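Below, subunit A partners subunit B and then partners subunit C, in two separate complexes.
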Partner chain A sequence: MSKTLFGMIQALQETISSQEAFLTELDGAIGDADHGINMNRGFEAVITKFTEEDTDIGASLKKLGMTLLSTVGGASGPLYGTAFMRAGAEAQGKETLTLEEAEVMLAAAIKGIQDRGKAVKGEKTMLDAMMPAQDALKQAVAEGLSVVEGLEKACAAANEGIEFTKTIRATKGRASYLGDRSIGHQDPGATSFTLMLETATKYLKA
Partner chain B sequence: MKKIINDPKNVVDEMLKGIVAAHPNHVKRLEGFEVLVRAQGPTDKVALVSGGGSGHEPSHGGFVGKGMLDGAVAGAVFTSPTPDQVYEAVKAVDGGKGVLLVIKNYTGDVMNFEIAAEMAEADGIKVEKVVVNDDVAVEDSTWTTGRRGIAGTLFVHKIAGAKAEAGGSLDEVKAVAEKVITNVRSMGMALSPCTVPAAGKPSFTLAENEVEIGMGIHGEPGTHRETLKTANEIVDHLLQKIFDDISLAADDEVAVMVNGLGGTPTMELYVANLRVSEVMKEKGIKIAKTYVGNYMTSLEMAGFSISVIKLDAELKELLLAEANTPALVQ
Partner chain C sequence: MVGIVIVSHSEQIAEGIKTLAGQMAGANQKIIAAGGMTDGSIGTDAIRISEAVAAADSGDGVLVLVDLGSAIISTETAFELIEPEVAARVVIADAPIVEGAISAAVQASIGATLAEVKAAAEMAKAMQKL
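And then the complex of A and B:
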């Protein structure tokens, strides 16, 4: 089976759909119990806007981000919307990516989320999975690893990031109202990011 | 889940259509969007747009009309509306004098409304924003996102709306809205949870006889859980938290809102209000206006919140001014 951008977006949509209840449950523990519902609504809209003809990674991620921005709502809509659009801006006209380019895109996505959400590392947000993943990609590039090898390292780092979010209290977003009661729960945004990263990695590896 | 709905996916759309069907003289639907605007609009004054997740009815669509809002944007249940929806509302209501966005302090609401404001400003529309954070149940510190916006938001809509109706400039309307936010405090409690239609089950559970003090309007946990006490004890506790946070002395004048969360009998709200009025009387605080009813609900949650706003002459005059909306006529 040849790997296409459309195939990857389909895989992402399937993951979000199958994990909708799980993500919503995580959000219910420390937030307002809508993360899975909102992300699923977004990706259901996304999938209707793509076909095998979409091969420009930059243009496609911009379209994906715009769609999430206008369908997800909540906090994850602006954050993921901005992240995908910023990542897309780093991949204009490209149909394939090197690991180095992927790292630059993830860095741009993180910057976008920080600009919009004003969060830093260690506040129990999606950044706590994204930033370790980016660090892992950077190191993989330096070590000359393949794209799949590098992404696998990033997935491992993102999963460690999720574990880390269980140990800290939230200071951003709705979970921050819980104070110490947020400790022990993993962050839903860090989880949804990691699920998407794992899905993309598995798709490329299969 | 037991709800009077057709399909969870259509709840917001059908609710908006139902409001328009009931109040065609007040509001109309902005075609293609989850937005209600005044039936006769845009007006030649500063416009107010508010909104947020659905499930808080009659907020916010019920307060579109003379003396209050010009547009209300309805997100999915308990989910901030998206920027494109807010942007369309701003464009539709701007009569050339600018638009004030009234935002409740939730991370998603603030970001989505900010993006919409940037889009509208790029079109040359003057946009200002205020963020309401009246809930004293949650800590306002660098360690949180800040206090939540709850039922006290109604006072912003009422007072800033009256200021705009009286011909105030965008800066003046914003200033009076900020003054309301500085002077309003709220705190609530819940007896039972609520169920988001798309989720199908409650996001938390409370044991029989257990209540959550400081519960948010999306079922977010409050300060603590305790065993159900009497109405007087509950009111005393909520009011004490409010008094701890805003200085009120004898002869000060306030307005009060005893707000039902959706599943509370009006009888109980009046029982609670009696105690509120007694406490104010004991303290020598004058109540210029009392609102009792469902203004900012949380689906079928049982419970209520108390909001208190300290009034000066300007705030009092604007609060008592005329309003004519589906959910508030005075």
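And then the complex of A and C:
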């Protein structure tokens, strides 16, 4: 099977759709029980806007981000929307990526989320999975690993990030209303990011 | 005249505040509701907000009243989507959305500047109800 950008976006949409209930349940414990619903609404809109003709990674991520901005509805909409758009800006005209380029794109995505949401590491958000993943990618680049090897390291780091979110209190977003009662639960956004990263990695590995 | 945009997760809340504030400010005051999603769901939509800001602007600036959480993040995202020239004269009020909108609309309708309209909205934060 040849791998295409469209195929990867389809894989992402399938993951979000199959994990909708799980993500919503996680958000039910510490938020307003809509993260899965929000993300699924977003990716259902995304999938209607893409075909195999979409091969420019930069332009496609920009389109994907713009679509999430207006269809997700929750905080994850403008945050992921900005993240995909900023990542796309680093990949203008590209049809393939090196691990190094992927790392630069993830760094730009993180910066976008921080510009928007003003969170830092340790506030129990998606950043707690994204930042360790980026660190792992950076290290993988330095070690000269392949794209798939590097992404696998990033997935492992993101999963550790999810575990870390269980141990901390939320100080940003809806979950911050719960104070200490947010401890013990994993962050929905950190989970959705990790699921997307794992899906992209599996797609490239298959 | 300074325009007003109401950003809420709920379309009905935004429309309701628009009606309520419009009653005090008169028909000439531009108040644009940007509540909910185009499919009727609860949430905030940066693109809908950017269109509302453009519609509210008549050259003197726009004050945006927001409810909570992603309303702020989506509004700031919207500022990046509009023309920089317009974005330079749009601000978010740190104010309760209902009382702030009423104070702002009344102030704007008498021809106050953007800074004055924003200050009026933010004063509502200290207003005692009892």
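The rule we apply is simple: the second predicted complex is superposed on the first by the 206 of 206 C-alpha atoms of A that agree within 3 Å, B and C clash if a C-alpha of one lies under 4 Å from a C-alpha of the other, contacts with A are read in each partner's own complex, and residues count from 1 in each chain.
As a working rule, contacts are C-beta pairs under 8 Å (C-beta built on N, C-alpha and C of every residue); 3 or more make two chains touch, one makes a residue touch a chain.
This structure is a prediction, so every number in the text was calculated from the model and none was measured.
Peer 1: Would subunit B and subunit C fit next to each other on subunit A once aligned, or clash?
Peer 2: clash
Peer 1: Does the superposition put A:R174 against subunit B (first), subunit C (second), both, or neither?
Peer 2: It touches subunit B and subunit C both.
Peer 1: Under the stated touch criterion, which partner chain does A:N38 make contact with: subunit B (first), subunit C (second), both, or neither?
Peer 2: In the superposition, A:N38 touches subunit B and subunit C alike.
Peer 1: Hey, is it subunit B or subunit C that touches more of subunit A?
Peer 2: Looking at subunit B versus subunit C, the one contacting more residues of subunit A is B.
Peer 1: Considering only touches as defined above, state whether A:T71 meets subunit B (first), subunit C (second), both or neither.
Peer 2: So A:T71 meets both subunit B and subunit C here.
Peer 1: Using the superposition on chain A described above, determine whether A:G117 touches subunit B (first), subunit C (second), both, or neither.
Peer 2: both
Peer 1: Is A:G184 touching the first partner subunit B, the second partner subunit C, both, or neither of them?
Peer 2: Touch partners of A:G184: none, neither subunit B nor subunit C.
Peer 1: Mind working out whether A:L79 is in touch with subunit B, subunit C, both or neither, as first, second, both or neither?
Peer 2: both
Peer 1: Name the residues of subunit A shared by its contacts with subunit B and its contacts with subunit C.
Peer 2: Correct list for subunit A: 34, 38, 41, 69-75, 77-79, 116-117, 173-174.
Peer 1: How about subunit A: which of its residues touch subunit B in the complex?
Peer 2: Touching subunit B from subunit A are residues 24, 28, 31-34, 37-38, 41, 69-79, 116-117, 169, 171-174, 176-179, 181.
Peer 1: Contact residues on subunit B for subunit A in the complex?
Peer 2: Contact set of subunit B toward subunit A: 53, 75-85, 106-108, 111-112, 115, 138-139, 142-145, 148, 196, 198-199, 203-204, 216, 218-221.
Peer 1: Could you pull out which subunit C residues touch subunit A in their complex?
Peer 2: Against subunit A, the touching part of subunit C is residues 9, 37-39, 41-48, 69-70, 73-74, 76-77, 81.
Peer 1: Would you tell me which residues of subunit A are touching subunit C in their complex?
Peer 2: Interface residues on the subunit A side: 34, 38, 41, 66, 69-75, 77-79, 81-82, 116-117, 173-174.
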